[in-house]
Every structure is written in C-alpha cells, then in structure tokens.
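Below are two complexes that have chain A in common, paired first with chain B and then with chain C.
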Partner chain A sequence: MTWLLAIPGLPAACFLVFLVSSRRIRERLLPLPAVCSFITLGLSVTALARVWPGGAEEPVWRGVLPFAPLGDHTLELSMALDPVAAAMLIVVTLIAACVQVYSLGYMHRDERKGWYFGVLSLFTSAMLVLVLSDTLLLTFMAWELMGLCSYLLIGFWFEMEAPRKASMKAFLTTKVGDMGFLLALFMIWSTVGSFEYRAVLESLGEWPAAAAAMAGFGLVFAAMGKSAQMPLHVWLPDAMAGPTPASALIHAATMVAAGIYVVARMLPLLALTPWVMEFVLAIGVATALMGGVLACVQHDVKKVLAYSTISQLGFMFIALGAGNAEVALFHLVTHAFFKSLLFLGAGVIIHAAHTQDMRLMGGLGRHMPITAGTFTVGTFALAGLFPFSGFFSKDEIIAVLVHHDHWYAAALALTASFLTAFYVNRLLFRVFSGPEQGELHEGHPSMLASLVVLAGITCVLGFASPTFAEFLGGEGVWPELGVALPSLAVAGAGLVTGWWIYGRRGVVVNTRIYKERFARLYGVLDQRLHFDTFYRQMIVEPFAIVASALATIDRTAIDGVVNGAIGFWKRAAVVAWSFDDAAVDGLVNGLAKIDVSATRLLDDFDNGFVDGIVAGVGHVVTAASAVRRVHTGNVRTYLIGLVSATAVLVWVLTR
Partner chain B sequence: MNGTGHIVEVLAPQLIVVLTGALVLVADLVLPRREGEYPGRTWLAAASVTGLIAAGVAAFMAPANTSLLGGTLAVDGLSRFFDLVFIGIGIAVIGLSVDSVHRFTPWVAEYYALVLWCTAGNMMVALATGLFSLAVFLQLTSLPLIALLGLAKNDPRAREAALKYLLVVLVSTSLLLWGLSLVFGATGTDDMRGIAMAAAGGTLPALGAAGLVFMLAGFAFKVTSVPFQFWAPDVYEGAPPAVTAFLSVGSKLAGFALVVRFLALSIDALDISLAVGALAVASMTLGNLGALKQHNIRRLLAYSGIAQAGYILVGVAASSVTGLSAVLFYLAAYAIANALAFTVVVSFVDATGLDEVGDLSGLARRNPLAAFALAGALMSLAGLPLTVGFMAKFYVFMSAAESGLYWLTLAAVINAVLAFAYYLRIVWTLYVSDEEHAHVSMTRRHALVMVVGALGVVVIGLFPAPLLDAAHRAVTALIAG
Partner chain C sequence: MITAAHYTVLASGLFCIGLFGVLNARSALRVVVAVELMLNAVNLNLVAYAVTSGARPASALAFVLLLIVIAAAEVGLALALVVALSRRSDITAIDGYATLKG
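Showing the complex of A and B:
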C-alpha cells in the first residue's frame, strides 16, 4: 500500500512545481492544486475502505524509512494507516479540496495567488504527514512545517502592517508551545528509546512518575500553543489577518486541531498523571468560557469566528481532560466541517459587503440566499441544535463529563454553550437581517459549491456519531435524553437571548448604551482580558530592555573608551610639542649664541634631527586619529576581561 | 614503520595543502602582469582549489588509524572527518573570495597561500593528541589569520580587526601555554589521555587543575564561547567579509576539533558537564540577546556564532558518545549554513558595499537566488525542519537530555525559540519590501557556491544518515581505541 505515500506526496509535488516555476507558469497551473486535492481525496476514500470497519488495534499498513543512525538506536520516520488516521485523512483532504476550489474564486484578483496556492498545498501535505505519521519525530517535523506555512499565509498580504505583526506573533507564540513538544520528545527518548507511538504506549508500565508527568505536560503545553488554548491563544484572533480561505483550512479546521489530535493519540501517557489530566480539563473549561465571552463582544466577523474556534477547541480539551479521546476527535471532525463552512461563508460575506465589521452590515440575507442558508446551517451546528452535527458531538462531551462526575466542569461547559448560542444569534441577526442594501451580489459559483457541500455534511454527519466511535475502537452510543434536553434547553435560551437583544422586530442595537453602562467591564473585554498587555509588559519589554542594554554596552562602552584614548593621545601630543618648544628650541637658541659655525652645524642638526622629532610627533598625532578606529583601549578591556574571566573560572573550578 | 616515507604517506593531505600554498606563491612570481591587470589571479585560485581537492582525495586514501611522532599525532576517523570539513571550508572560502580579493588587497597570491596554510593548520589541530603538538598547531591556525585580517591594509576597520585579533591571540596563547606547562608539570605527561587519567585519579595538584582551566580558556577563545567572546563582534564586523567567513567557520571548528578529541579521550575520567553546561547557557543566552538588536549583518552573525557555540557546547556537556557524535554533526551543519550565509553577505557587500540588515530589504526581488540561499542558511541556523540545522539541534539537545541534563536541555530549547526572533526578522527583510531597489548582480562563482551550499543544507537535512554515521563511527572508534 505504498500508494498511500501519494496522499501527502501529491500536494508536496504541487508546492515544488509552484516553487520553481515563474509567475506566468504558475498562473496557468492554478487549477493543479485543486485537481491534486481531488485525487488525494479519492485516495483517502480508498484508504478508508481498506480500514473499514475499523476498531482494530493494529495498523493496516506501516511504512518505515530509517532516517538516521544514533548509536544502538536508529531514528525512523514511519507512517501508518489506522482508523484514526483514515478518518482524519478524509476530513483534511475533503476540506482542503473545498478550500482549494473556493480559493480559485476568492483569490482570482490577487497578484501573487500562485504563491498562495503553493503554500496552501505545502500546508496540506504537512497536515497529511502529521495525520499518517507513526513516530513523534515525524509528527514534530510536520508540526513545525505547518507552523511555517501558517506564518507565510497569515503574512500573505505583507504590504499591510497588521498581517506582518500577526504572522510573527503567531509563529513565535506557537514556537513557545513547541518548546513543550521538544522537551516531551527528549523525555520520551530518554525513557523509552523510541519515538514510535505504539512503542511509547506499550511501555507505559515502565514509566517513572516524574518523567511521565514532564512528558505529558510538555505535550499538553505544545497543544496549548498550536490549538490556541488559554493563555497561549493570543495569536489566533490576530491570525485572521490572513486570507479567509486559508483561515478556514488552517486556523479553523486542521492545523489548530493538530494539538488535539496529537494529545488524543498520546492520551494514555497523559493519563498516567492525574494532575495533568485535571490541568487539561481546567484549561479546556477556562478556554471554552473565555472564548465564548470574547466572541460575544467582537465586531469583526472573522474575530467572532476566531474566538468561537478557541472556545470549541476548549471543548475538545475538556473531552481530553475527561479522558475520552474518541469524543474529542468526533468534536474535532464535526467542528472542522462546520467551522470551515462558517469561515468560507464569512469570506463570501466579506467579499460582498467589502468590510469585516458587523456594525456596517445587515440585510445581506435577501441578496445572498445560498450563503445565508448554508451559513445558518453552520451557526446552528455551532450552537449545538438538533439535528446538526454540533449537537451530537457537544452532547457527547457533556455526557462524558456527567458520567465521570465532573459536575462543575459540566455546568461551566453548559454556560459556554449558552454563550455560544448567544453570539451565534448575534452574528446571524447583525449580518443577515435588517433593511436591504443595494448592489450586493451572491458569491462566485465555485465558492458556493464548497459551501453547499460542507453544509450538506454538517446536516448529516451527526447521525454517524455511534459509527464513528466504533470505527475508532470505542463504544458507540446515541445521545441520552437526560443530557440532550438540558443542553438543548441551554442552547435555546442562548438563542432567545440573542434574538431578544439583536433580533426583535423594531429593536435598534446601540452598543454605546452598554459601553457607558458597563464602562470598566467593557474596557477589560475590549482589551481582550489584557492578555496581550500582560505579555507585552511582562515578557516582550523586559527582553527588549535587556537586548537594548546589551546593544548600548556594545556601542557606548566602546566609544567611551575610544574617546578616552584620544584624549590621552591629545594630551601626550601637547606635552610633546611643549617639550619641543621649550627644551629643543631653548637648546638651539642658547647654542646659537655661542658659535655661528656651531649654529650652522646645529641648523643641520635641527633640519635633520629635530624636524625628525617634530615629524615623529606629527605621526603620533596622525596615529591618534587612527586610534579612534583601532580602539586600543577597547582591546585592553577585552583582554582584561579575558584574563579576569579565566581567573574567575580558575577560582570557581578549583575551589 | 616510522620512517619518513610513512610520515609523508600518512600526512599526505596536510602536506599537499601546505605545498599548494608554496606553489601559489611561486607561481605569483612567474605569472605575467600588465598595467593594473593581473589575469593570473583566477589561475591562482584554481590551483588552490585543485590542491585542496587533491588533499581531499588523499585524505580518503591515506592509511587510517595510525599514530605518528611518538603518539603525539593520531590519524583516525576524527581527523579524517575534520580533514574533509576543513577542506570543504577552504574550497568555499576561496570560491567566494576569487572575485573580490584583488579589491581589498594587492597581495592576492599571499591571500590564497595564507588561507591554505591556515586550513593545513586546522587539519593538523584535529590530529594533535599531545600538548606540545597542540600548542604548535594552534599557532599555525592563528598566525595566518592575523596576516589575513591585516592584508586589507588600506581599510582602517580591517587594520583594527587585525590588531585586535593579534592582541587577543597573544593573550589567550600565553594563557594556554601557561596552562600547558602547569599541566605538564603536574602530571609529567603531555598525552591527553594520560592527563585525563591523572585528573580522574584525584592526583592532580591544584596548580595542575588551574592549568586545565587555562587550557580551557585557550580553547574557548577559539570557539568564541562566553566569557572569551568579546573580540568576535568587532573583528567580524571589521575584517574583509571573506576573511570573516573563514574565521567564523574554520577557526571555530578547529577549536571544537580539539575539544572533541580531548573530551573523547577523557570521557570516562572527567566530569565536566556542569562547567561546560554553564558556559553553554551563558554563550547561548548572551549571543541570542546580543543579536536581537544588531543592525549590522556581520555583527549580528558574530553574536549568532556565539550562540551557536553555546548550542555545540550543550552536546559537549552531555559528554557521551551521542553527545560527541551530535557535536560533530552540528559542526558540519554549522559550517555549511554559516558559510552559506557569509557567501551571500560577501556577494552582497561586493555588489553594493553595504552591510546593514536594512540594506538587504527586498533582496528576494533584487536577486532571488541570494535571498533564497540566505533564508535557507538562516533557517538552518535557527533549526527549522527540512534543513540540516534541525537534525543538528535535535541531536545535540537530545544528547543532553539522554545524559540527564534536563536543565541544560530546557535552557537550550528556550534559546532556540528566542533565536527565531532575529533570524526570522532578517528573512522577513529579504522577502518583504515596499520600495523598489536596484537589482543586485552576483558573479557566477558566488552563485555556484550558493547553489552547492543550499543543496547541502536541504539534502543533508533530508538524508542525514551518512554524515551522522561517519560522526558516530569517528567518536566510537576514538573512545574505544
């Protein structure tokens, strides 16, 4: 089954073609990535058929590339096809295909769209490698590569200030999380001596507690960066500065889910340490709530969706923290479809309205019925309404919490779903209802086709819930009324509240009232709970101060020493001149009075020798100006530093 | 076995390099010159490169695993490894200076000869197992560099760099010699393994231990590790760019060749993890923080080089077979990436005379190959996957974790993230610019060096096995033998 390698291979080949070809050739090859993504989709479906009906422990296929020898061990890069991977393959290739087709319409006016399609292909390839990867090492490489692609796509419109800053912020914030990944890798290596998933999971009995805690926490920390969990979530809202279809694929459906995916696969390792699991649960709850609250106060359509993504990723973390990987993965899958649907819909809306600010929208529903209809499907799934997919997956999460007696977490999760339903209705009413506006048009057919496909999946996917769990080797259950009814009631309450504030007939939404009435709260929310302020003041600025201080030492200390040296040489030169005036001239004059012939002799002497001295002094002065560049004093400090450092080392090491 | 013939046979690579240097000088006397024109200078470079390639072939064919001169020189896997690396560096440096040597110095032939002799010195350092041969060969690497730095006698910045380097060499050499004599006095042997044994047995008097630290200072100056790094930014910024390139890879690697051999011979005897680990943390942190706010690309690369020395010391501190193999791999990766970065810098300075980071703005449009090569080199130095630098960092950090030095691994990982900030800033400058700049032209030789370097960064990054295997075999053979 080596043909499976073509699944990540084809998009990678697309990227290489786009990398080496000129802009003109790229323009002609634009449909190539879309064609490739349909082929990979076909291959993924075939792969799924091979794995069906799933439930097996052993992978169906495994390919190994001995990568690097390392003493007695050899580092291997291996891929394996098991049910989890097969399911994720379908999700990634299907959404990638939709996004590629959609982008053909969305990006057709952009000057550098060839580069955009190339990077999108590279990203798809990296994500597919991550899905198929059977060793943590390969996972990490794909993980890093996705980070790079995300950086490139967020900064795609680098002519503007916001994308530039956002791309750097996203890259470095997720890099902070990656430290955890690296540490976990090293911990796993020194404990197990292998990076292979199965080898690690089979060795769990031999793990010392401290090592398991560190490795588990490292992985969680990495996932917090990649999957935008509090407090490392700050990059995701800013990442919306990138092209909208890229946001749909990377910052909603796939890359941000990679953290969940990796943690889900390694969940037994985390479960060795109870406090790590509790930490995951707590982070998930906090993130779900925070994302929900902040999504309620955003005015930018994409930012609402971004905070909503953060909140939903929090729900997945909750499921992981409760110890149920299948449920987390199912929410990952349903969320991937309905959130990419929402982002692609938002793209159509932004194209039509020429703004991302909801306050300037309204009344779009009549002009764009297909977009409005599919978008509503997406929002209802997000709010967790029956029969859309989000209902099933969210219900399962709350059921897991209830079954494991995490009552607080269940209550807080329900609060978060109330908030979700509320901001969903706020979004719908502000964008689509209201008086008609003139001159608005529905999106390009290629864009609408993607929307319709994704909306169709969102409508029916929920009913696959038990099958999905069994396919992954878990236990398939239908929603229980005892959990489903309260959760539906909460969602309904959220929707009604949203309608009451934003959708009632005759209501005029005036945010200024709230702004004045809750000034302090508004300020905190407006500053996104001050996370960015905190990082700026506690981390970025101290580092900048240290770095500037070093730079200052680097320059001023040196210049100071040089100026001092010049002063010294000037004074030396003055002394030399006065010696010349007083002593030599005096001597010459005195001798001149004694004898004329002697004077002549001395004249010669003067011409030859004293001029020599004078010239010599002149050289010294010239040299002094050269000293400014030679930094003699400076070198002296260096050497003193060198010797004293040695002395300190001697003292420290031989004590 | 120890006849002259044998010595010539074993040391053929080094001798070929030395003789090529002499040949270049003689040829300079013979080759014709016309008014201001010196068509022969390209031939001198070609002869130098040919000599280096011949030495590389000889290094492959020379008998392995022998020792010479009463055991003070060892020809083994380690020296073979470094022979090839130094020859590669020599070829790259000559390749990137062909087009600009005559602009900064009238003594073209002397330049090539000095580069060759310095290369020979580097190769000899990798052979030394005795203190006295070591002291001699270290001078053989340092003295040509002083002259090289001073060759650009009309450039005050270069004169300054030469003078500074001279003074630093003098002081660190005196420290080293002092240390050597103390150690010799304390142990009665000049053999590295014997010294390590004496140190391990606890029989080393305090003065001998102090001597070891003085030796460490002598090495640390070569590898620009904190606290012996002061000189690097000034000298890197002032020297002719091609010489800086040579200095930043050749000289640093020679220092590490010594460290690796000394450590491999004393690996069971000495516990240096804590001391070297502390130096590593200090170097990484200071280098990375210093680089954050630099505007001159060469000064920035100097600080980056200090940080890179720190990463390498992480592997040294691990003091295990994995650690030392990782160090060798890292050294090769660093040499390729740094030489590549400097190739672009040399090419850019040749074309424009500018060397600030801001001047590189929009290079991707002004010269796509150069921008791509520099971006690749910097990403490799930063340790991005798919480049050789990723595997290098991964191995080095992993070896520290394997030896239980988790604090060191943590510090290294944090530093690696910090470093991304300034490497990425340069890459960003290359690819993003609002205004239009003139095209930057580039000679074909520079382009060739860039292509080879960029291929090296990517290909070894994707297929690290052969290089890693060679490194691993060199280290295990050394420790076992």
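Showing the complex of A and C:
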C-alpha cells in the first residue's frame, strides 16, 4: 500500500512545482492544487475502505524509512494507517479540497496568488504527514513545518504591518509550546529508546513516575501552544490577519487541531500522572469559558470566530482531561467541518461588505441567501442545536464529564455553551438582519459550492457519532436525554438572550447602555483580559530593557576600550612624530651638510653607475605595470585564479 | 542500490553548482548562498562515506554537525558584511568593489 505515500506526496509535489515555476506558468497552473486535493481525497476514501470497519489496534499498513544511523541506534521515520489516521485523512483532504476550490474564487484578484496556493499545498502535505506519522519524530517535523506554513500564510500580505506582526507573534508563541514537545521527545527517547507511538504506549508499565509526568506535561504544553489554549492562545485572534480561506484550513480545522490529535494519541502516557490529566481538564475549562466570554465582545467577524475556535478547542481539551480520546476526536472532526464552513462563509461576507467590522454590516441575509443559509447551519452546529453535528459532539463531552463525576467542569462547560449560543445569535443578527449597508452581492460560484458541501456534512455528520466511536475502537453511544435536554435548554437560553439583545424589533439594539452599566468589566474584556498587556509588560519590555542595557554597555564600555586604545596609539604617534621632527630631522640635516661636500665627490660616480641602476629599475616598473593589469581588485578574478591554480595543483599531485 | 559513488557524484555536482555561483553571481547575497551550497556538498560527502563505510563512525557525524555550526556562523558573518557593504555605498554587486586594485 505504498500508494498511501501519494496522499501527502501530491500536495508536496504541487508546492515544488509552484516553487520552481515562473509567475506566468504558476498563473496557468492555479487549479492544479485543487485537482491534486481531489485525487488525495479519493485516495483517502480508498484508505478508509481498507481500514473499515476499524476498531483494530494494529495498523493495516506501515512504512519505515531509516533516517539517521547514530552509532548503535537508528532513527526511523515511519508512517502507518490505522483507524484514527484514516478518519483524519478524510477530514483533512475534504476540507483542504473545499478550501482550495474556494480560494480560486476568493484570491483571484490577488497578485501573489501563486505563492498562496503553493504554501497552502505545502501545509496540506505537512498536515497529512502528521496524520499518517507513526513516530513522534516525524510528527514533530510535520508539526514544525505546519508552524512555518502558518507563519507564511498569516504574513501573506506582508506589505501591511498587522499581518507581519501577527505572523511573528504566532510563530514565537507556538515556539514556546514547542519547547514542551522537545522536552517530551527527550524524555521518551531516554526512557524508551524509540519514538514510535506503539512502542511508547506498550512500554507504559516501565515508566518512572517523574519521567512520565515530564513527558506528559511536555506534550500538553506543546498542544497548548499549537491548539491555542490559555495562556498561549494570544496568537490565534491576531492570526486572523491572514487570508480567510487559510484561516479556515489552518486556524480552524487542521493545524490548531494537531495538538489535540497528538495528545489524543498519547493519552495513555498522560493518564499515568493524575495531576497532568487534571491540569488538562482545568486548562480546557478555563479556555472554553474565556474564549466564550471574549467572543461576545469582539466586533471583527473573524475574531469572533477565532475566539469561538479557542473555546471549542477548550472543549476538546476537557474531553481529553476526562480521559476520553474518541469523544475529543469526534468533536475535533465535527468542529473542523462547521468551523471551516463558518470561516469560508465569513470570507464571502467580508468580500461583499468590504469590511470585517460587524458594526458596519447589516441586512446581508436578503441578498446572499445561500451564504446566509449555510452560515446559519454552521452557527447552529457551533451552538450545539439538534440535529447539527455540534450537538452530538458537545453533548458527548458533557456526558463524559457527568459520568466521571466532574460536576464543576460540567457546569462550567454548560456555561461556556450558553455563551456560545449567545454570541452566535449576536453574530447572526448583526450580520444578516437590520438595515442594509453597501452594495451586496452573492459570492463566486466556487466559493458557494464549498459552503454547500460543508453545510451538508455539518447537517448529517452528527448521526455518525456511534459509528465513529466504534471505528476508533471505543464504545458507540447515542446522546442520553438526561444530558441532552439540559444542554439543549442552555443553548436555547443563550439563543434567546442573544435575540433579546440584538434581534428584537428586527433592528440592532443600541448596546451602549450595557457597556456603560458594566464599564469596568467591559474595559477588561475589551482588552482581551489583559493577556497581551501582561506579556508585553512582563516579557517583551523587560527583554527590550535588558537588550538596550547590553547595547549601552557595548557602546560605552567595549567601544570605549577600543576607542581608548585607538586614542592612545594616536597620541603615541604624535609624540613619535615630534621626536622625528626634532631629533631625527636634526640629525639628518646635519648629515646632509656633510653630505653636500661628499656628494660633489660622488657626482661623477653617480653619472656613470647609479643612473644605470635607475634606468634598470625603470624597466622593471614598466614590466610591473603589465602585471598590474592582472591585479584588478575584483574578488571574482582572484577567485578564478585561486580555483584554476588549485585545479592545476590537484592535477599535478594526482598525476 | 545507492553506493558511495552516487553520493560523490551528487556532492561534486552540488559543489560545482556552488562554485559556479560563487564565480558567476554578481550579488553578494547570491555568493553567500553559493558558498553554503559548497559547504553542504562537503557535508553530504562526509555523511555518505560515514554511512557507506560499514563502520558508521559517529565521529564523522559529529564533524558534520561541527561544519553545520561553522556554516551558520559563517552566514552570520557574511550577512553582516553584506549589510555593512550596502550601508556604505548601497551596492551589493560585488563587482562594484575593487578597492584592492593595485
């Protein structure tokens, strides 16, 4: 089954083609990545058919590449196809295909779209490698490659300042998390001597408690960076400065889910240490709540979606912390579909309204029925309404919490889903109802096609919930009424509150009264809970102070020493000069007087002999100016001389 | 089967491309990149012989790591030089510098 290698291979080939070809050829090849992603989708479906009906522990295919022989050990890169990987392959390739098709419409006016499509392909390839990877080493490589692509795509419009800064911030923040990944890699290698997932999971009995805690915590920390969990979430809202379809693929569906995916695969290792699991649960709950609260006060459509992504990733962390990987992965899958649908819908909205600010939008619903319909499907799935996919996956998470007696966590998760329903309705009413603003038109057909496909999946995917769990080797259950009804009631309450504030009387209510009544709270929320301020004041500014102090030391102390030394030598030179003037010249002049008389005696000798020598020197100088032409001062000429001389030397020595 | 000879051919090809770049490029930046290529051709040779020799000496790999570090330092220095050159006279084409002319 080596054809599986074509799944990450084809997008990578697309990237290479785009990298080496000229702009003119690139412009003609624009549909190539979309075609490739459809082929990889077909291959992924075939792969899924091979794994079906799943549930097995052993992978159906495994490919190993010896990568680096190190003394007695050999580092291996390997890929394997197991049920989890097969399911994720479908998700990634399907969303990638939708995003590629959508981008053809979205980016068609951009000048550097060739580069955009190339990097998007490279990203897809990296994500597919991560999904198929069977060793943590290869996972880490793909993980870093995705980080690079994310950096490139966030900063795609690097002419503007905001994307440039945001790309830097995203890269550095996720790098902080990556330190955790490295720590985990070190611990795993020193304990097990192998990076293979199955080898690590089989050796769990032999792990010392401290090593298991460090490795587990390292992985969690890495996932917190990549999956934007508090307090490392700050990069994701800013990352919205990139192109919207890239946000849909990278910052909603796939890359931010990679942290969840890796932790879900290594969950038994984390479960060795109870406090790590509790930490995951606490971080998840805090992030879900924080994301929900902050999404309520954003005015930028994409930032609302970004905070809601953070919040939903928090829900996945909650499921992981409760020890249920299948439920976390199912929420990952449903979220990937409905959130990429929402982002793509937001892209159409932004194209039509020419702004991202919700306060400047309104009345889009009447002119853009397809966008409005599909967007509503996505938001209802996000709010967790029956029968959309979000209902099933979110309900399962709360059910897991209830079954494990995490009552506080369950209550807080319900609060977060109330907030979700609230901001979802705020979004819907602000964008689609109210007075119309600007010239409105429906999006490009390729964009709408992607929306319709994703909305269709969002409508039906929830019913696959038990099948999905059994496919991954877990236990498939339908939602229980005891959990589903409270959760639906909470979501309904959130929707009604949202309607009460934003949708009543069919116009957008002036929300200033709320802002004034809760001015202090709103101020804190408006500053995103001061996370950025904290980082700026505690990390960036102290660092800048230390750096400028070092620069001052460099300028005053080190340059001072150097300048002092120069000054000393200058003074010494002046002293030597005056000595030269007074003593040496005096001596010379004295000698000269003696000389004059002697010179006359020597005059004849001079005419005869010395002039002959001078004439000879003259000939030498003439010859030298011929050589001078070789001495061009041009480094390249010298190098050519060096290389040819070396070649001659080699020839002589090896003859 | 890939033998040491294949690697050597590849490495010498890389080296020649790098050499051509050093001799032919006008931009100082391109020269820096070409020098990197030559260094890495040497690295490739070292790794290839270390792997195909059967003994797989770790010292060869350590040597390669050292070379990589040196290459990184060299890039740092070279880029600083390029920046200093362009600050001085806004020219990064190395042909523009002939102050060594005798």
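Note that in this section the second predicted complex is superposed on the first by the 553 of 655 C-alpha atoms of A that agree within 3 Å, B and C clash if a C-alpha of one lies under 4 Å from a C-alpha of the other, contacts with A are read in each partner's own complex, and residues count from 1 in each chain.
As a convention for this text, a contact is a pair of C-beta atoms (placed from the backbone, for glycine too) under 8 Å apart; a residue touches a chain by one contact, two chains touch by 3 or more.
Nothing here was measured: the structure is a model prediction, and the numbers come from that model.
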Check whether A:E159 is in contact with chain B, with chain C, with both or with neither, and answer first, second, both or neither.
first
Check your understanding: A:P69 contacts which: chain B (first), chain C (second), both, neither?
Key -> both
Have a look at where A:V20 lands relative to chain B and chain C in the superposition and call it first, second, both or neither.
neither
Task: In the overlay, answer first, second, both or neither for which of chain B and chain C A:V643 touches.
output: both
In the overlaid three-chain picture, which partner chain does A:A210 touch, first (chain B) or second (chain C), both, or neither?
neither
Is A:S190 touching anything from chain B or chain C once the two structures are fitted on A? First, second, both or neither.
first
Max touched-residue count on chain A (chain B vs chain C) belongs to chain B
Both partners, chain B and chain C, contact chain A at residues 69-71, 631-632, 634-635, 639, 643
The residues of chain C that touch chain A in their complex are 19, 22-23, 51, 56, 58, 61, 94-95, 97-102
Interface with chain A, chain B side, in the complex: residues 156-157, 159-160, 163-164, 167-168, 171-172, 175, 206, 209-210, 213-214, 216-217, 221, 227-228, 230-231, 233-234, 275, 286, 289-290, 292-294, 321-322, 325, 384-386, 390-391, 394-395, 397-398, 400-402, 404, 406, 409-410, 413-414, 417-418, 420-421, 424, 428, 431-432, 434, 464-465, 468-469, 472
Residue positions on chain A within touch of chain B in the complex are 66-71, 140-141, 144-145, 148, 155, 158-159, 164, 168, 171-172, 175-176, 178-179, 182-183, 185-187, 189-190, 214, 543-544, 546-548, 550-551, 554, 558, 626, 629-632, 634-635, 637-639, 641-643, 645-646, 648-650, 652-654
Within their complex, chain A touches chain C through residues 69-71, 628, 631-636, 639-640, 643
